[in-house]
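A single structure is presented below for examination.
Going by the order they are written in, the chains are A, B, C and D; count residues from 1 in each one.
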Amino acid sequence: MISFTCDYCEGAHPLILEALQRTNMVQEQGYGADSFCASAKAKIRAAIGCPDAEIFFLVGGTQTNSTVISAMLRGPEGVLAAQTGHIAVHEAGAVEFTGHKVLTLPQHEGKMRADELADWLERFHADGSWDHMVYPGMAYISFPTEYGTIYSKAELEQIYAVCKAHGMPLFVDGARLGYGLASPAADLTLKDLATLCDVFYIGGTKVGALCGEAVVFPRGNVPPHFFTTVKQHGALLAKGRLLGVQFDTLFSDDLYLQISRHAIEMAMRVKALFADRLFIDSPTNQQFPILTASEVAALKDKVLFEIWETLPDGRFVTRFATSWATTPEQVDYLASLLPRRK
Amino acid sequence: MISFTCDYCEGAHPLILEALQRTNMVQEQGYGADSFCASAKAKIRAAIGCPDAEIFFLVGGTQTNSTVISAMLRGPEGVLAAQTGHIAVHEAGAVEFTGHKVLTLPQHEGKMRADELADWLERFHADGSWDHMVYPGMAYISFPTEYGTIYSKAELEQIYAVCKAHGMPLFVDGARLGYGLASPAADLTLKDLATLCDVFYIGGTKVGALCGEAVVFPRGNVPPHFFTTVKQHGALLAKGRLLGVQFDTLFSDDLYLQISRHAIEMAMRVKALFADRLFIDSPTNQQFPILTASEVAALKDKVLFEIWETLPDGRFVTRFATSWATTPEQVDYLASLLPRRK
Amino acid sequence: MISFTCDYCEGAHPLILEALQRTNMVQEQGYGADSFCASAKAKIRAAIGCPDAEIFFLVGGTQTNSTVISAMLRGPEGVLAAQTGHIAVHEAGAVEFTGHKVLTLPQHEGKMRADELADWLERFHADGSWDHMVYPGMAYISFPTEYGTIYSKAELEQIYAVCKAHGMPLFVDGARLGYGLASPAADLTLKDLATLCDVFYIGGTKVGALCGEAVVFPRGNVPPHFFTTVKQHGALLAKGRLLGVQFDTLFSDDLYLQISRHAIEMAMRVKALFADRLFIDSPTNQQFPILTASEVAALKDKVLFEIWETLPDGRFVTRFATSWATTPEQVDYLASLLPRRK
Amino acid sequence: MISFTCDYCEGAHPLILEALQRTNMVQEQGYGADSFCASAKAKIRAAIGCPDAEIFFLVGGTQTNSTVISAMLRGPEGVLAAQTGHIAVHEAGAVEFTGHKVLTLPQHEGKMRADELADWLERFHADGSWDHMVYPGMAYISFPTEYGTIYSKAELEQIYAVCKAHGMPLFVDGARLGYGLASPAADLTLKDLATLCDVFYIGGTKVGALCGEAVVFPRGNVPPHFFTTVKQHGALLAKGRLLGVQFDTLFSDDLYLQISRHAIEMAMRVKALFADRLFIDSPTNQQFPILTASEVAALKDKVLFEIWETLPDGRFVTRFATSWATTPEQVDYLASLLPRRK
């Protein structure tokens, strides 16, 4: 059965498997000190326009979020996120496990708003008992968000300005970064992003790799002992080459953005199929059609997708995700399952 | 340059890469709910003779140790380990990061002794202020140890008996489990091991996989919420298939033990080369020759190996590791570098 | 200047100081093994009607909350609280520091509602990705709440029924327990409370003691190693007698409730002064008048009180707290400062 | 029965109780913002000769150690201590609970040696895999030690020099500080101490107070958010006045050192009683006589003391502690119980 459940249903992009095969018996140092990691880092530094960036390859998204966040916070500091932020909901309390609270702000189609962030911070500092409360130590946003939306360059600039005004680093969770940057709705580039935050990661797992996320500190602002922190969090791969080879491939010949663009093309075709019933106007690879119970029933034995939430009227918000691996034939098949509309 | 630095210098066993290639575009559920994980678990259950075993695939060793240990301990409990145990030395305090202390016992060629464990526990409970101290909540041993040595079946039975007498679970770190079981010196099997502890893991990273460790609770004794704990520790792979495919391959046609046996053959040849200068009589894939400074100097531009420690007389304990990937030609080359002895 | 800022402005009830004086040079064991703690526990067991209750004396409220909560939760479990719950807002992330998330529910005048708790739990278990989320491991309510309100017996029964239906312990934060039980609006007794939760504490700091909170596990359901957990959290007083003597005094001759009743009498007089401008109808020792900026300005140089929050119309919610130490003369003075109303 | 079990058998010095009585009904701000804390801090700043010192009053020793240590360490840093250090043995893993490892050095009559510390640090940095290990982030010593011994000024200077050479702060646990400084064997003053470490605490609980430890950052080097960290650790007393009044009393008219000197006088008389059978030559208030089983049996129904450890020959190392509260009559009585020696 064809699946639109998620963007991690398949293995890796064929060029990645080919590279793993080709390099398999080369003997290398462990723990990321291999030549593939070095090459991948050089390519990423070029792609983001930050020659001094420090880059670390970790394995998965939740791991990356909790490792980066706990490395950047001190003592009673917490991290500010939209209430729908991945760290606030779907990471099993991984940030809290490291001793830090996730402080939440309202979400607007999955996004945090700069003015609400500024208000929150003002109210916090105006509160007479602020020093009995968790201190806002950094801000977290996802790009794209958990609802597929993306921040405009102006929105990101405003958020970053608020952060800088409060001496608070900004972290961008880029688990699906490629799908955000490759969207026609995006008005910022990877190079722009690198100037608009203090740390971000380039998601591999959901964009063509078997696993792997590249954490980037663009301006040499890596926290002390970060390599050892990665080890301490169980996030240091012995065969770091597995990550190096994959990112080296993804950042050769613009592969990362090229396969992301393909996913967006497929997503726009899926979006068109549900144009009259979208929960959110998502410009990226996740689409959220609203389906009735009978529509869900009609589809569910033929194609896989996720039930995201139930609306008060009993209809379902569903999620159909595309990826680098989605084929036009799969989308055609989905189209064939849907009743013609006049 | 040929490397004997470690057992994770190469990628994966060719059959694993082949399987990854073959299954790459099959769409599967994420987070370990895929058919490859299911198949791998069934094969492991058969191999260990525990039809009710619960099995979880994690990514790396430090991660596995800290996840399992923190899931099994409560509050002020700590874990007992030999002072050379990996968790006590080389994991950047990953166990302490989860809030639990590593309590150490003397080591004997890397091993804990049952009588010393029993003594420690007796003294602990006899201490008038024991309830102001970290409580011994579980015991940890590695098989093979960090010095390549292995426990005999009798030794393991004795340790486990002490643990059971104190109601304390026993955890066996099997990062190099294959190399232990495949040693001619081993008098216990995988099935035996499963009856002689409460939880163990079958190391993949060092025995043919790109990454991956299979945690086994042999008798359905998995701690509450363990799946979510794995997620919370950042140890849950989105593409769990990567681990499923690998362990499915390793546990088909006895591959895991077969490639382990090969590594041991290579190791015994290396051992023979240094027979008159071994720091420890290791029966597994890690050999620890004692070399003088000039011997090190003579070798170090031709072959890679590790300096393990420096002896008081200035000589070096070195480590030469073999693996599933070591070739007879590599060992021949090493032999050719060593001066003939009469 | 007279202060209505809080209920911990003075030292201790005179009878407590007298008892400290009287017992001062008696030599006792440390860490709570003294005769005063034993006597206090016996009196509390009688007062709550639970002969098997296990009782521990800790020093302060935040400490007690984080110690009890972390002792009762395992791994990725979190604690459910109203969003205005003290642990969710004013404890500097002390619960998160122990690795556990505070999950929040809507508040209604500071209270959690049983039906909303039940709904939350149903939705949680219905969510397809619940095992990627923090598991609801216990519920926390405060009695009285942070807004001075109290749960009726029926409300508490309903909440506890929901908790029991989900196998989830209920913890009652009784930092101001006396002021709740002594309120004429209360329809439950200390003995009732002990049957309607799994653990609670009897607040001393705010009800006549210099410091101290008595944690009660009414039915012998104390978590393993709890004494050592208290030590590990830095919550074990060397001179436990300081707590024993105080609670022994508070639970002699009904002192605890008697002084609480006095505080409520004073509070009702304060409430009457502001009857036409109350933010909340609080039946306990905290009253929340709404004052205009000019009213605040007129009062603030003559009497101390807290600004609780600012309303959208610019007026202030203020807090005036009474305690065992508040005198009728202090309330008269406050009355004299307020303009006569017709 | 007279007790020499510990130095926290009685309540508080009479002058402290008197001050608590005198100030009891004065209304003050909570959380250490009261006038008594301000006065106590001023007196301590004068006594240590550090006008810019930042001072915080916490409640107990274990709490203070874990709060200070976790506030000063980052990520995978640990704290170096002698293996008999209180934090390494008798605090129920309170430091590990905050995520940090206690790294241990050999002890010499309870003391760490500067040369061994330097060696340890050199070996650490020379180790090729140091970045897979817990980083030495600070050093901890106790003054006096758990065996009653004290560092000479020269020894402390050497240790501090090693720390500074490695950019590592030094923390002095002064739970019994008065008894160290008041010893005739001490060649350093409180003012000296303040120049020879980065943070220390002045123990109140064991030196005349009901509870309380004064943490001193002598040169304004307080970690960020330290007040909130204290709150987060449950170490912030609502009625901070309880600590303020006590330290204000202890630092008036040299009371702290005066009562410490008395304890030392009593201790020297106890020491003389056991002069021929001391386990350690302690110059402070803890004495460690070696007693045979029959000697223990003869004494134990008449006087209380602690069994510290059992020697291989079956004799017992015992501990007899004096304090500010020990009377000459109590020592006379102990003397009367011991057989005359020729």
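The criterion applied here is as follows: a residue touches a chain if its C-beta (ideal position, glycine included) is under 8 Å from a C-beta of that chain, and two chains touch if they have at least 3 such contacts.
A quick note: this is a predicted structure, and the numbers were derived from the prediction, not measured.
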Between the pairs B-C and C-D, the one where more C-beta pairs touch: C-D
Chain at maximum distance from subunit A, centres defined as averaged CA atoms: D
Whole-Å gap between the CA centroids of subunit B and subunit D: 42
Whole-Å gap between the CA centroids of subunit C and subunit D: 33
Distance between the centres, which are taken as Cα means, of subunit C and subunit B, whole angstrom: 50
Overlap residues in subunit C, where contacts from two or more other chains coincide: 76, 91-93, 97-99, 132-133, 228-229, 231-232
Of all residues in subunit D, those that touch subunit B in their complex: 76, 78, 89-93, 96-102, 128-129, 132-134, 306-307
Subunit D to subunit A touching residues, read off their complex: 31, 70-71, 74-77, 98-99, 131-133, 135, 223-229, 231-232
In the complex with subunit B, residue positions of subunit A that touch it: 2-3, 5-6, 8-12, 14, 17, 20-21, 23-30, 59-64, 66-67, 91-94, 97-98, 205-206, 210-211, 228-229, 231-239, 241-242, 304, 325
